[in-house]
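Shared between the two complexes below is chain A, which pairs with chain B and chain C, respectively.
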Partner chain A sequence: MGIFLKLLEALGLGGKKVNVLVVGLDNSGKTTLIERLKPKHAQSAEVAPTVGFSVDQVRKGGLLFTVFDMSGAGRYRNLWEMYYKGAQAVIFVIDSADRLRLCVAKDELDNLLASKQLPAKVPLLFYANKKDVPTALSPVEVAQALKLEDIRDKPWQIVPSNALTGEGLEKGTDWLADILSR
Partner chain B sequence: MAATAQDPSAPLRGPEKKDEDRDEDTEYSPFYGIEKGAVLQEARIFNDAHIDPRKCQQVITKLLYLLCQGETFSQKEATEVFFSVTKLFQNKDANLRRMVYLVVKDVCPASDEVIMITSSLMKDMNSKTDLYRSNAIRVLCSITDAQLLGQIERYLKQAVVDKSPVVASAVLVSALHLLSHNSEIVKRWTNEIQEAVQSKQPMVQFHAVALLHALRANDRLAVSKLVTSLTKGPVRSPLAQCLLVRYVAQVISESQAASGNDSRPFYDWLESCLRHKAEMVIFEAARAICNMAEVSARELTPAVTVLQLFLSSSKPVLRFAAVRTLNKVAMTHPMAVTNCNIDMENLISDQNRSIATLAITTLLKTGNESSVERLLKQIGNFMSDIADEFKIVVVEAIRSLCLKFPQKYRALMNFLSNVLREDGGFEYKKAIVDSILILIREIPDAKEPGLGHLCEFIEDCEFTYLSTQILHLLGVEGPKTKDPAKYIRFIYNRIILENATVRAAAVSSLARFGALVQELHPRILILLRRALHDNDDEVRDRATLYLQQLEGQAGGLDAVDVKWNIPAKNLEQGLKKYMENGFQKPFDLASVPVAVAASPAKERKAPGRTLAAPAPTQAPKKQDDHAALLKTLPQLAGLGPVFKSSAPAQLTEEETEYNIVVVKHVFASHVVFQFNCTNTVAEQVLENVSVAMDLAEAEDFEEEAVLPLASMAYGSVGQTYVVLARPEGSMALGKFVNILKFKVKEIDPSTGETEEEGYEDEYQLEDVEVTPADYIKPVAVANFRSVWEELDPESEMADDYGLGLRDSLQDAVEAVIGILGMQACEGSDAVPPNARSHTALLAGVIVGDVQVLVRLSFGIDVSRQVAMKMVVRSDGRDVSEAIHQIIQDA
Partner chain C sequence: MVCKRKQAVWSDWRLVIADDAKKLKVWKGTSLASEQALLQEPCAVASFYSDLQLPRVPSLAVAAGAHVYIYRNLRPYYKFTVPVDAVDPQEQAAWQSWQSVTARREGELQQLVEALTQLKGSGAPLTQPSLQLISLHAAGVAEHAAAAAEQQKGLPLARPSPVTCMGSIRKSLEQVDALSCLVLGTECGSVMILDPTGSNVTHTVRLGAAPSLLAISGLLDVDYRIAVATRSGRVYVIRNGELAGAPIELEAPAVGLLAAAKTLLAGCMNSSVACYTHKGKRLYRLQMPAVVHAMDLLELTRQRMVTCLLVALANGEIRIYNGQHLVSMHSVNAPVAALYFGKYGREDNTLITITKSGALDIKILPRNASLEAPPGPAGPPPEQEIPLDIPKKTSVYIEQTERERANAVEMHTAFQQQLLKLRLLTARSYVKVLTDGQGSISHSSAASLQLNACVLGLGPYFKIKLTLRNNGAEPTYDLPVVATYKPSLYSCPVNQFVIGVLLPGREYNFELSIRSLNPALPPDDVRIVVVNPAGNVPLLSAIVKMPLSEFEEE
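This part shows the complex of A and B:
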């Protein structure tokens, strides 16, 4: 069975379906990041603020990710909760150059962790995005600001990224694929 | 409409589930036993990571079914369903996607939640699949708000001219819906819509024409222009053409009726549509021509010819449509339809009974005297096959035919009595009996045979209502016939054979014969005595009473046939009052007001009351109520009869402590103000309630009496009166400031007892005004012209007035009639739509019984300025002057 699945994977056909929720404050780069995860030919150059949410499918690391790209705008954040149920992984995107709103991001993260809807052992992947901006914080600083070390019941990882170029994205998805296919 | 582009063979439902306990032989509806709770449970599968499109479609179908059945979801349920459905958006299954769009539109959660799917929809809107695009546009337009619409407008605008007809239609239809809230945005797309009108796709063209019209619907001129250009233009789609025919018909109906020999605008175009390829266009055009106002026979001919061809079509729909239209035409232009009679006679045996009935009724309308008998024979053959509703239609047609050809009453009456004997429901029998009753009333010759038929009918009638009605009629009409004795047997049979209600009616009927026909008197006495042993109280009571009366006691013979001139309404009121006052003294019939009620009765009988009749009969009824109250007051007895009572006017705001309504009663030399007071405070009783009127602004009046209301308990309505004297016959005007004065006594809420001590209090009311209209009573005049000629031309006074800006002529006419308080004659208060000028004829009686006639000529110009010329004739020049003064003051 295992060999068969591997074979399918190699052919790029099979793969487990995984629901991934992408959240984060507005203008942190969620939609751009997802665009960059897609194959080159399917990427669109233009990205507008998401209203509500949008769904995409991305094949990465032998898994078929169904990505729910949530809008980060204030009025939609309380609606993220509606999608926690059934999510198998959460990607939290942080604008690491936006020091001012880091505390807002922390609040939203705390809300997310406190939610009962979110499955218990769901892996959390943090992208410290916009690392190309000179004033960007390092992933360690971001992790400290968000107090990530306090998260003990869920596996998590923080990865520096640049969604414009796609730098660092692979590293994060590989980690996710690794955790999820375990 | 989106379904046109979708694969109709695609399964909307999955295969039916197999239950063990299901009976293999019986077929169940796929929706059998669907229950909300269970479906909501099932809806959880939307959250699964691995989605089974088939299963999801089934669940969505069930959800939609529930919604369509009127099931409502609570806010929480809707939210849950909505969010789980949104997770299906990425699914590749086209059918599932289609269902998702449908359910998202219908579940309709709170507006801030529905906005969630905007981005997803916008993505779909730009996808490559037409199905997704069209559906996404429809959903997006139905959930969007003005702000968001601005963002997506660009895409919508492009989609209007999209190559795919499905997408273009979707936008056009959505735009029609958007028009109500966001017309500005849609208006910017005019160029694209114009382009869509040129489309070769029938559906797109259809929707584009509809939208283009909707955009201009408020502007008559623009619609007219649009229609003109479209009729010359390239509208090819039959659907769009039909729409256009309707718009043309609308334009024709709104345009001024063609004067003289001018042919109507667009008539030629409509006629050319009669030669169109598509049947629906031909029919639509024919119908439009038939429905034109004041259509001439020459204009009708081509349309009727076309409809005649349809009559022999093989398609039932066409036959039905044609015969229905002809049926309508036959009401106004029976001659035009006569040519089709032969074709229609073939339709009598049509398999479709609706067609057959319409054909019959049309033939009855158009038939001439000679063909009546032949037609009746044919109808008789098929009467038994059709449903009751159709039979009623036929019976009504026969009734009108009979009134048209009174000489043929014998054949028609025979026919009616034949069908009366057949089986049928109550409504049907009632229609027949009503018809016979009308014929008896209208055609004197038909009376005796008609009564004979009815007598036979009640021998075997299962409907109590009809039996009693007929028995009553026999009682009224029977004694006047040549041979009254022959009815006695029929009536007496009822006493032996029927139920109590019918027996009682039969006893009354018999008694009438006994009272009115001398020869029968002794025989009736014998028959009535037999009824004394009836086992029903009512029957025995009636028999006893009538026996006494016929023997000369208890009012004697005259009392049997009471000339009942007291309106039932007044009697009811009188009796109610009597019941409230306890039963100390016997009820006196004479105390029931008769005189007051006589006026509406008289008015009703007044000949020549035309269209305006229904409106005024309502008003006097209300006044009667108040007038009846006035009659009960001895203090007001000396004032003479009431000339006019005004409509009640509210003197307090709604929902205040005390609710006061005033009614003004005008007498020959007095004005009585009746204040109807209601106390809405539960903890108070008001005593000694009266209204103080300040006469400072009304010098001609003099206060004569105040009748206070002794006690005003919570919730009940009481009256207090103020009587003001004014010079006899004068039209004194004035404005009064009113103060309600009363003594408040608290009610102890624990015991419910009223406290002994009270205190005086006042309450400011709104002002009352006595206007000239209060002195003018609307009285209809049968023949305005002759009455106008009779009045002294010397008294005539004319003047011109400008009425300023008005919305429409109707508005102005109503305003002037309202100010004058007069009755519009000959239906002249209704202004034809779009008229530029109008003449209204008013009649009225001024206090002191002076007749006044007014002729008003109105004109309205483009800027909606209304001018009026008023000519007044009356019994005296001073009165005419007074009427002009009213308008000048107003």
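This part shows the complex of A and C:
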């Protein structure tokens, strides 16, 4: 199976289309992270704060991810819930160096989990981003702060990442591809 | 431990704290970014934009003593000294004359004190040494007063004016990073507005009392208001460079002063917060369970427009009021020294609390936090609006009462008129009776007569009993008595007779027999008339109402 999918990927033929919602606070690195997931030639060097949301397509492990990059700015966060319904996976990006606003991230995560619009078994992928910053928290500390152990009805994974270099992103998307292709 | 801290948020929304330990600390996120030593104990901190250069970097002003230290990029840049006030010439003269005398004599100090006291009484602003001398003299410690006066010898008199409070006002644009100016309140009772560079005073307003708090709103070049709370417990409003109206008298000296959209919020020492209009009308008053320590405004302007009042109390509570309604409350474990709500780092709605124990507490307002006032009006319960079910008679009575109240004068005059008419009518009728002999008493002749008549019997045969009495002093003679009736109904064998004599004071009884002719018909009156033999008007008359007659037994 794995070989076949890899072959398909190499040929550039994706089978299944998956809608992925990328959320997280402002300045947590969502857009940068999506840029790094794209092929090298399609990446842009500079990213600006997203206004509203933007849609991108990324091919990964035989799956065609349609990525909804939601803006994290406070005034656009109420847009997130509009896209919960069609989401087949959610990526939640956390700035692990911003200790002060972890409580805000927790608040937004609680809102997300409490939403009735969100499909029941949707996989949640957490990126503890900016792990290169010296004061960054470890993924375990982030998981504790967000009380991820309380999420029992959905599959979830937390991965440390550095969206600037693309470090750790692969690990997360592999997990997501694995869950979704089951 | 430091107890008094002043703060301002600066640059990319970092927190600047100047504390009593003469340290200027800058916090970024949850860590201390830098720390600098200050020359003097600071009393106020403010940030302002002194130029139009890009990128926008604000200047930081720290007021200490009579100086304002201006920092740019956290490096000392400029020191502004508050201009020294002129000393009253009379005060100067008094000190000079005292100092010029070389040999001291007893009464000279007394003379100086008297001269200064007189000056103080006339309302002249005195220098610190003069005030000290007066108070020492008044306290009765003559040697201390003399020592204080000696100490002043050779020193120039000056009135330095330390800064008591400081704020900033935007010059002509509403933007957060628009050009702005510093506003200073000084000990000598004036409020000064500096130019954007912070080197010259452009406006000065004299209040006459030392300001303690400033609340600034508006734009300097367009329309602005500076509310100034003084230590004397008053709030002055400066509008476009001039004092507007009479000062607002607070219940107690202010500990916090805020300018909301159209109102002023003043926290007082008597554990209350009062809301005033700019014209000085008090709108409401909130009673707090403990003394107010710090106040700030919670203003949301982005997604929703909400303005709430944040109050930190002595018992560690921090309350949030929307208008008069308490919408939220939390507690920190120590009394609060300072409170700031606004942007910090990337977060727009952050509440920073500094406690007296030296702790820094940062709270972030959740995006979906409800700050709405509970539905329904405050104060009177809704039942008060429902009208009472008043009975019809009561409402008629109320209407009548109201009508009486409205037309009292007309009603009184109408009543008096009617009463007079009634009295007149009564008097006229009475006179007529007396002259006509229609009644049973007659006073017309010399004799005063009284006649009573009653009917005896069941019928058809009746007996009318007449009782005549002469109340006069003279006897009367030959009085004819006539009974008149309907001849179709009654018959009387003797229907007239003559009374020979009526002696005064005696009762005379007479009887008349009368028969009902047809008992089936309704009875009629029988009239007994005592005729005056001399005139043609009857003396007396009595109407006898005949009873219903029985049928004659066969």
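Brief remarks follow.
In this text, the second predicted complex is superposed on the first by the 172 of 182 C-alpha atoms of A that agree within 3 Å, B and C clash if a C-alpha of one lies under 4 Å from a C-alpha of the other, contacts with A are read in each partner's own complex, and residues count from 1 in each chain.
Convention: a contact is a pair of C-beta atoms (placed from the backbone, for glycine too) under 8 Å apart; a residue touches a chain by one contact, two chains touch by 3 or more.
Just so it is clear, the model here is predicted, and its values are computed rather than measured.
Of the two partner chains placed by superposition, only chain B is touched by A:Lys85; chain C is not.
In the superposition on chain A, no contact is made by A:Lys40 with either chain B or chain C. Shared-chain residue A:Arg75: touches chain B and chain C both. Once chain A of one complex is fitted onto chain A of the other, the partner contacts of A:Leu100 are limited to chain C, with no touch recorded for chain B. In the superposed model, A:Val55 lies in contact with chain B only, and not with chain C.
In the superposition on chain A, A:Arg182 makes contact with neither chain B nor chain C. When the two complexes are superposed, the chain touching more residues of chain A, out of chain B and chain C, is B.
When the two structures are aligned on the shared chain, A:Arg152 is found in touch with neither chain B nor chain C.
Taken together, the two complexes place residues 75 of chain A in contact with chain B and also with chain C. Interface residues of chain A facing chain B in the complex, by the touch rule stated above, are 17-19, 50-57, 66, 68-69, 71, 75-76, 79, 82-83, 85-86, 88.
On the side of chain A, the complex with chain C involves touching residues 25-27, 74-75, 77-78, 98-101, 103-104, 107-108, 111, 135. Interface residues of chain B, counted against chain A in their complex, comprise 47-50, 79, 83, 86-87, 89-90, 112-113, 115-120, 122-123, 148. If you check the complex, the residues on chain C that touch chain A are 29-31, 302-303, 344-348, 362, 364, 366-368.
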